[in-house]
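Look for chain A in each of the two complexes below; its partner is chain B in the first and chain C in the second.
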Partner chain A sequence: MSSELAQFFWVFSIAIALVMIAGFYCLLLTYNLIRALIGLELLTKGMTLFIILAGYVTGHTGLAQAMAITLIVIEVVLMVVAVGVVLGIFRHNRSIDARLIRNIKG
Partner chain B sequence: MITTTHWVLLGALVAGAVWTVLTARLLRSAVGLAITSAILAILMFQLASPLAAVFELSVCAGLISAIFVSTISMTHRVTAEDLAIRLKERLHWFWLLPLILLAAGAALISVHFVLDIRPPAPPAENDVRIVLWKIRHLDLLGQIAILLAGAFGVVALFKEWKDE
Partner chain C sequence: MLSLLLLLPLLIVMILNLPLGRFRSLGFWVALVLSLVQAYTVLFAPAALSGNHDVLGRLFSLGLATDNLSRVLLLSISIVTFASLLVGRQTIREEKQRINFANLVLIAMTGMNGTVLLTDLFSLYVFLEVSAVASFILIAMKRDLNALEGAFKYIVLSAVATILMLSSLAVLLLISGSTSFAAVGSAIKAEGRSPLVVFAVAMFLCGLFIKGGLVPFHGWLPGAYSAAPPAVSILLAGIITKVSGIYALIRLATSVLGPSNSINALLMIVGTISILVGALAALGQTDLKRMLAYSSISQVGYIILGLGCGTDLGIAGAIFHLFNHSIFKSLLFVNSAAIEEQLGTTDMSQMGGLGSRMPVTNVTSLIAFLSTAGLPPLSGFWSKLMIVVALWQSSHGGYAVLAVLASVLTLAYLLTMQRRVFFGILTDRWANVQEAGFGITLPATVLALITVGVGVAFPLMFNSFLLPVASFLK
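Showing the complex of A and B:
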């Protein structure tokens, strides 16, 4: 790998790492279920960009795009179902604070 | 290789993510996420991945943001008192995030990382249509299965509401 390409890869990787740290921090510290989903979204954003970056650097942009599209499809389905679950929790508890959910069965 | 545009976009991406996490109001957080998605889509265009960028822009910046905004509007209304309590709570923990990001950024910049990568793919493999339809068509089956699972999941969730 040429030094220019390595620098390119490294600069992008640092930005991706920072976005993922922000997402993980949000996921770790929040009690709000919607905000937790937003943190999860940020983690996914970082991973999507990393796949695209890897494809660009290695010259496999077609494969990287196919995998990124698959990731986006999984992401949107996950979000729709998770939001449905959050709305269900809100209907039962009138709250989306994870600390107040005490009546989960099972 | 790395241009000023890349620097600006990467800075905006990180700033968007930090604003999404730090802002106290959920609606602003959802808007921040949409902005981060849009910047990510521009970066994907810059990295020669236009189809994935279109997906990111339409699905993530558009659809998912709409879902989040709808959910926020359906769940609760924040009063001034709630917001004041929330701001106080967040000050305890979230002021650390910029410091953690600065420390992590400085640590990563100081690391010298060597990668051994494969040579570039033949031109045929760089066409996303060929990759999706000819080489990785099982992925499409997986995507369809996941979409159906998601649809059934939502139907099951809302059926439970109706039965109640």
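Showing the complex of A and C:
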């Protein structure tokens, strides 16, 4: 890794770390189910960026692009299902507060 | 031929979702035939599964490969799918739901077959997600609050698991410039124990522990298993979590990471904790399906313990226990489906004396629980014996003793279950209960016969089949 590339790598990875921290913060602090999903989305986005960065630094940009696109597709499918489940919970509870869905215990 | 295992279920799903009117309900039978064909191919035409030189495989450049381990898994996938489809036919009333169920099972089957056949970490992740998304929808299918809650917990924890695995993938891409098993394996070997490698391996292992429901990460599992519809519980407990967590773990530990003392020690500790916590938690449950879910955690612990042992015998025992577990745990969940279907409840404290009313369920459940607890000559005994002997030989006597003692706990909670549900005096409330329909007793009988048959034929299989399963890994 040349020094210029290394500098680029560190700047980029600090940005990714910030996105990840925001995602974890969002996931851990909220009681709102949609916000929890947004947190997950931020985390996955951070990982997508990390894969793109890894591909760029090692010179495998084609592979990294293919992976990033696949990731985005999978993520969308996952989010559609998750939001569908949240919608189902909303229809039962008239609320998307995570504190109200604690039927299953132990 | 190999690529057909992936492409055929997917193609059928596409065709079934064309506007075909009444023909769409044929989907169930197509799925059933497909599972039988898969079982037949693995058992009687293994030559068709070797090699990757067909036109379709090259067209999609899938990079598939089979070995003995993936063949064992393909067989269990087909058997459990078969049982789950038949039970689904019996227990799902609405025609539309039944069509959806068949479609989702086919998608899950694509995902599982892909997971088992592929030789690339990123493709592994993709197919894990395919089967996971199908199982989220399957769990939430009943649309009551418990099912939605179980599905949501599973979604969140599974998403966290995939994020851990992706972070590891990115690091491995950085190190090796590729994600195929071979390239990653040699890169890890060359790199030795740099912090990056340790980080990547730890992240991937944590992700797989979550997917497989091992103890520090098992929070989602009992809720998801018990809230799902009966047919889905069979599929989930029998095969989906086994393929996406445990198979991937075995593959990673053997083909990618290679022998390593620290990873083996980690696997053994996690396995032992899972065995003990699962068994102790199962003792305290009053709901039948929750108890079986905790029992599942405990049995998965045995598989991981055998894998962590690292010797040929230990790995063979782990793979054999994986197969046996998927058979007898599906059988126990088929029985719980029969009870849920006929009684409308899974609360064990309300039951009693059902053995006289449901003879087939009673006998098959007896076989399944004796096999789970490890009584000879049933299949579960031999796989547990192999694991315990392997532990003893590799001078991990303490773990061996714990494994044997936990087997007594298994016997305790399953005996409690059998006594509460089937033995004793029949209460007036259940005086008119009938045996469940043919769609449930047929898979129960088939699975019970496999459990007994594998156990009795074990001495014949040991040298010719089981030891080669592990030795391919060298």
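Simple rule for what comes next: the second predicted complex is superposed on the first by the 101 of 106 C-alpha atoms of A that agree within 3 Å, B and C clash if a C-alpha of one lies under 4 Å from a C-alpha of the other, contacts with A are read in each partner's own complex, and residues count from 1 in each chain.
In the analysis below, a contact is a pair of C-beta atoms (placed from the backbone, for glycine too) under 8 Å apart; a residue touches a chain by one contact, two chains touch by 3 or more.
None of the values given here were measured: they were computed from a predicted structure.
**Student:** With both structures superposed, pick whichever of chain B and chain C touches the larger number of chain A residues.
**Tutor:** B
**Student:** Examine A:Leu63 and indicate which partner it touches, taking first as chain B and second as chain C; both and neither are also allowed.
**Tutor:** both
**Student:** Would you check which partner chain A:Gln7 touches, where first means chain B only, second means chain C only, and both and neither mean what they say?
**Tutor:** first
**Student:** I'd like to know which partner A:Ile74 touches here: chain B for first, chain C for second, both or neither.
**Tutor:** both
**Student:** Touch check for A:Phe50: first (chain B), second (chain C), both, or neither?
**Tutor:** second
**Student:** Check whether A:Leu40 is in contact with chain B, with chain C, with both or with neither, and answer first, second, both or neither.
**Tutor:** In the superposition, A:Leu40 contacts chain C only.
**Student:** So, does A:Asn32 touch the first partner chain B, the second partner chain C, both, or neither?
**Tutor:** First partner only, chain B.
**Student:** Examine A:Ile101 and indicate which partner it touches, taking first as chain B and second as chain C; both and neither are also allowed.
**Tutor:** So A:Ile101 only meets chain C here.
**Student:** Considering only the contact definition stated at the top, list the common interface residues of chain A for chain B and chain C.
**Tutor:** Of chain A, residues 48, 53, 55, 57-60, 63-64, 67, 70, 74, 77-78, 81, 84-86, 88 contact chain B in one complex and chain C in the other.
**Student:** Would you mind writing out the residues of chain B in touch with chain A in their complex?
**Tutor:** Residues of chain B touching chain A: 1-2, 6-7, 10-11, 13-14, 17-18, 20-21, 26, 29-30, 33, 36-37, 40, 43-44, 47-49, 51-52, 55-56, 59-60, 63-64, 67-68, 71-72, 74-76, 93-94, 96-97, 100-101, 104-105, 108-109, 113-121, 125-128, 130-132, 135-136, 139, 142-143, 146-147, 149-150, 153-154, 157-158, 160-161.
**Student:** Please give the residue numbers of chain C that touch chain A in the complex, ascending.
**Tutor:** 122, 126, 129, 133, 136-137, 140, 143-146, 148-153, 155-156, 159-160, 162-163, 166-167, 169-171, 173-174, 177-179, 222-223, 226-227, 281, 285, 290
**Student:** Hey, which residues of chain A end up touching chain B in the complex?
**Tutor:** Residues 1, 4-15, 17-19, 21-23, 25-26, 29, 32, 34-35, 37-39, 41-42, 45, 48-49, 52-53, 55-70, 72-81, 83-88, 90-91, 95-96 of chain A touch chain B in their complex.
**Student:** Would you tell me which residues of chain A are touching chain C in their complex?
**Tutor:** 27, 33, 36, 40, 43-44, 47-48, 50-51, 53-55, 57-60, 63-64, 67, 70-71, 74, 77-78, 81-82, 84-86, 88-89, 92-93, 101, 103-104, 106
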